[in-house]
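To keep things simple, chains are lettered A, B, C and D as they appear, and every chain counts its residues starting from 1.
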Amino acid sequence: MIVVMKTGSTAEQIEEVSTRLAEEGFKIHLSQGVEKTIMGAIGDRSRLEALDLEALPFVEKVVPILAPYKLVSREFHPANSIIRIGDQEIGGNKVHVMAGPCAVESREQILETAHAVREAGATFLRGGAFKPRTSPYSFQGLEEEGLRYLAEAREKTGLLVITEVIDARDVSLVADYADVLQIGARNMQNFILLKEAAKCGKPVLLKRGPSATLEEWMMAAEYLMDGGNYQVMFCERGIRTFESYTRNTLDLSMVPALHTLSHLPVIIDPSHGTGKWHLVPPMAKAALAAGADGLIVEVHPHPEKAVSDGKQSLTPEKFKVMMDDLARLTSVLDRELGEVSKRAE
Amino acid sequence: MIVVMKTGSTAEQIEEVSTRLAEEGFKIHLSQGVEKTIMGAIGDRSRLEALDLEALPFVEKVVPILAPYKLVSREFHPANSIIRIGDQEIGGNKVHVMAGPCAVESREQILETAHAVREAGATFLRGGAFKPRTSPYSFQGLEEEGLRYLAEAREKTGLLVITEVIDARDVSLVADYADVLQIGARNMQNFILLKEAAKCGKPVLLKRGPSATLEEWMMAAEYLMDGGNYQVMFCERGIRTFESYTRNTLDLSMVPALHTLSHLPVIIDPSHGTGKWHLVPPMAKAALAAGADGLIVEVHPHPEKAVSDGKQSLTPEKFKVMMDDLARLTSVLDRELGEVSKRAE
Amino acid sequence: MIVVMKTGSTAEQIEEVSTRLAEEGFKIHLSQGVEKTIMGAIGDRSRLEALDLEALPFVEKVVPILAPYKLVSREFHPANSIIRIGDQEIGGNKVHVMAGPCAVESREQILETAHAVREAGATFLRGGAFKPRTSPYSFQGLEEEGLRYLAEAREKTGLLVITEVIDARDVSLVADYADVLQIGARNMQNFILLKEAAKCGKPVLLKRGPSATLEEWMMAAEYLMDGGNYQVMFCERGIRTFESYTRNTLDLSMVPALHTLSHLPVIIDPSHGTGKWHLVPPMAKAALAAGADGLIVEVHPHPEKAVSDGKQSLTPEKFKVMMDDLARLTSVLDRELGEVSKRAE
Amino acid sequence: MIVVMKTGSTAEQIEEVSTRLAEEGFKIHLSQGVEKTIMGAIGDRSRLEALDLEALPFVEKVVPILAPYKLVSREFHPANSIIRIGDQEIGGNKVHVMAGPCAVESREQILETAHAVREAGATFLRGGAFKPRTSPYSFQGLEEEGLRYLAEAREKTGLLVITEVIDARDVSLVADYADVLQIGARNMQNFILLKEAAKCGKPVLLKRGPSATLEEWMMAAEYLMDGGNYQVMFCERGIRTFESYTRNTLDLSMVPALHTLSHLPVIIDPSHGTGKWHLVPPMAKAALAAGADGLIVEVHPHPEKAVSDGKQSLTPEKFKVMMDDLARLTSVLDRELGEVSKRAE
């Protein structure tokens, strides 16, 4: 940590800061420039809690040097983390595609979609049974009934199931049915939910908040790991920007950035990331080229009848075309698409 | 709702859209321009749920005309809503100042602060017993012990108590101790928490999400009102922008904007809104001049020892100076500062 | 400047950085922590130009400590700068209101408006003769003819004239007619225009770019002062945010922030800052309460016929009401509204 | 255009709006709902200039239906535009890579870089002779001397030259030396510069403003085309977001978005788009996978000695590795990398 004193600060004031730092166990290096005095303080970042030095009128600013996250960092775990889910592995050589509707609407819809995406090459089925909706007047999900349909689809297709949990009280219920729990973008900093999901025993896909920074996102993952869940995947789904042609701005640079700073896999959601189905295939290809470990894509057999997100959903036909393109692409990226394991069939 | 068809759309396609709209009970007006066909559809906005017309390849865009909120709108309740809390009223002629530390740290700290802010003219005591923290390694609050200290401070000073709730499972516990429940910025779209707070029987102060639009914020309040709680106050606490000198950008235009669109009172938080104590008094004055119904301000007897937000906390002395300025200011704004009622003393 | 080395950097690498810094005249303090090595480098910030240390693979980051601006800083000129324009002073006790239409549309329009705003208490007439327009198909201004009308209005009313310049080649032409040159928001980082305006001999009002940070804005002012023009005023006119109810988000915290960091006056534009005429009076009052040195406000005799910005223009009647409120307000702020000097009449 | 009247507007008010619209040649369709009256107005969007209906107190909002751009739109020119520069074509099957340093620093530097990037497969040499710099104290470019070095490098290598122009007065000078003129991000809405560049007779690469929307960007291109220059290329170089790990957020979704809405080619700048050299290769690959027509990349023989942007510059060695990866990638995208033509050698 660096403490920058205000111009003209006195010897007593510098002494006061030094004393406080020393009391918290920091070792101090003093640098006196012509204009500014700066102090390098070496010690435990978490002890900074007990010090709010910027509240002192003669301190100009405090610049932290160490990153606030530990367990999610590449330094903590230099090799890539491989998340094992059923017979599948995420974070290794295979790229997995998770596909399905935004919301589970009916048994027929979810089974029809599951078969279609399985056929085209997906390995996971997505679909929301609990929906966080901006309006209280919107469809809020089929809840446990929806979870049952997802489980039935898994049984019939061999696809693994990923679905969102939005209430800390439902974590164990959702974990009973799902293979992967999704924490949605608006819940990225719902620390209560994170703490509960940390204890669920299932892998968690953590979406980036719509305006979250990379550091905030990593800190949210730190909540999961600090709570005991090491099976965490990041999912970039677009951030809010001034652009309105796209629903969000899909920030693909997070793929190489996270691969640099963290050991955890990175999944890309080009459906929420663009909000327009015709932008999904090019951005899905771009995601793989950037090094993504997987995709999560909305597919609906009848997008114009979807209760939500129809305009960003691919039809099964368009999804199939995209999957073929992705297979071609992985060949020059030294990766390959995951496949539903024989045992599962 | 306006439906804009893509250039070159056929009579069949226009017919298809018309039919779907008619099926959902919409009355249709067709306008055929040289380049575009547009359809005005009049009906119940909530039925739009069942239609995702933008998923149709020949629909260019759908423009909603009616606002999605109802109960929070000025049209629903043309007069200002007055929120009654103990002997106080918020939303009327009196301007209330809520003051206290970011977090309840100890019995001594909260009692000392309560007396000081009471003396200077505050009518509500603020202080967090449950803290949503970016890092799992940060102080997470004294929890129920903190609530007890707040209640004791209320008893000793006559101040009313406002405190944050972050877990749906704690809503009734917090409502037992507090006079007003605060929903924090990062929980503005925690719909589970909103639904629970709607049933708590206590007024709710709803902070704006750091990147929320006015409409999203009003929809969050709609969750509370739709759930049965009509005692809702908006609280602007700054939004995330590119500016880093301030912690957030305090958007005071929300005061007249909300007063135009809604009947609910508007409180301003210049402490989180700026992140720097020396910016708090000028922005507090600006808030009142813009028409705010109240302020919520961080005051700490020893900011440099605060476990959080020390740099944006006023000392009791500086708070007193600010309150005197605010009293002078209200006189030319045809308002007056609230006072702790005699009975409470 | 602080240089943070990557974890695991070798003695040779530390030596390499030290040597480079020493070559550029920096004095170095080395701090070796358990995890990181950091170097404090004291010297001339402008010499950093010659060093791009972050390009070195073993350097994690470089944190500048000194502000990049000099002449605009409060440290360079501790007292408030007073800008003298004709008989008026901006930056002192008097608050000035600049008013007029967005664009000069005709001789009649500008004269009618000038008389009306003079009557209500404005001291400056605003109006654009050169208009930067998003579309090439929009009205681009009356150009020199517009400047002549402004000059005529000055003669007839005693108001001083402020108008925008958008082309470096027109700076001296505009300076011939205007009392204050305005650099518009989209030209804040048009360094060519800034360099030319620095030489014009007239005061400059520098609007903040729609997404500019405080530091970038101050650096733009630094271009003007470094070029020899010390008569600079900042003008906050709202920044782009996600909020769409308002055209921009008026960032009033810039008033106390600039008064802390700089000696130059700060003017607020609540018209562009909100984009809606009914939000202008409350935000104008808020601006003065926050400590603004002046306002620039759009007034049009017939807003619904304005060629631009009609929806954010006050009528002369509404402007008069606002001015009366502002006069009342200044009395409790220990300031007063400027007046057109007798000699000018 | 849709005009939405405020709730409770009278027949006279509706009549007043209708009359104004009719006067400007609009044909009107009236739709009266239970809550709102809306009017569809069909006519020439440019006549909206003369009407500022939102300034009328009884008009709630005006929603434009037609896009404001014409010449840049896909509807105006359904086939892809191919920009011919020397022997090269941009916008067709071949993907071109433009490479070189941020700034031209010396004859040696530019020649060394030119040979290296030519060797690795680039077809254009980039390098700034005029630099727009945030600080007046930073290196501002070698100006005409720099242009001469670029021209010499073209002669020696067969590379075409792209370089930035920042002053309207320098357009013809730069056009004398360069094959493509670059309009930088901060000048995207410098309409004076756009009008001059429209007349220069050379193709223009138009960078997106750091906070510009797609529509604003297309309108800037419309200035160029309306001024007579049809040889326009878009260049996405990242937008400003809250993320600070990357210098900007590279918005690759603009590639398919622009290919949908416009006929003009799209170039991606992953160097400014990320600000970190190690993110450049993955994002360059992602750009091609998304369908980009070309790349512009910073390469410097000694990044740590670069006068600007060293940390985002690739060394020639790393650039070569990236080019090999890109060549592999294009093969599965049914495209190929451009090559310096034999005649040029």
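Here is the rule we go by: a contact is a pair of C-beta atoms (placed from the backbone, for glycine too) under 8 Å apart; a residue touches a chain by one contact, two chains touch by 3 or more.
Since we're looking at a predicted model, the values are computed, not measured.
Distance between Cα centroids is largest for the pairing of chain D with B. Each chain gets a centre from the mean of its Cα atoms; for chain B and chain C, those two points are 31 Å apart.
One finds 40 Å separating the Cα centroids of chain A and chain C. Multi-chain contact residues of chain D, defined as those touching 2 or more other chains: 211, 240, 242. In terms of inter-chain touching, the protein chains here all touch one another pairwise. Touching chain C in their complex are the following residues of chain B: 211-215, 239, 241-246, 249-253, 255-257, 260-261, 273-274, 278-279, 282-283, 285-291, 328-329, 331-333. Only residues 2, 4, 7, 27, 29-36, 38, 40, 42, 63, 65-66, 75, 240, 242 of chain C touch chain A when the two sit together in their complex. Residue ranges of chain C in contact with chain D, taken from their complex: 46, 49-56, 68, 132-139, 166-169, 186-187, 189-192, 210-211, 216, 219, 222-223, 226-227, 240, 277, 303-311, 313.
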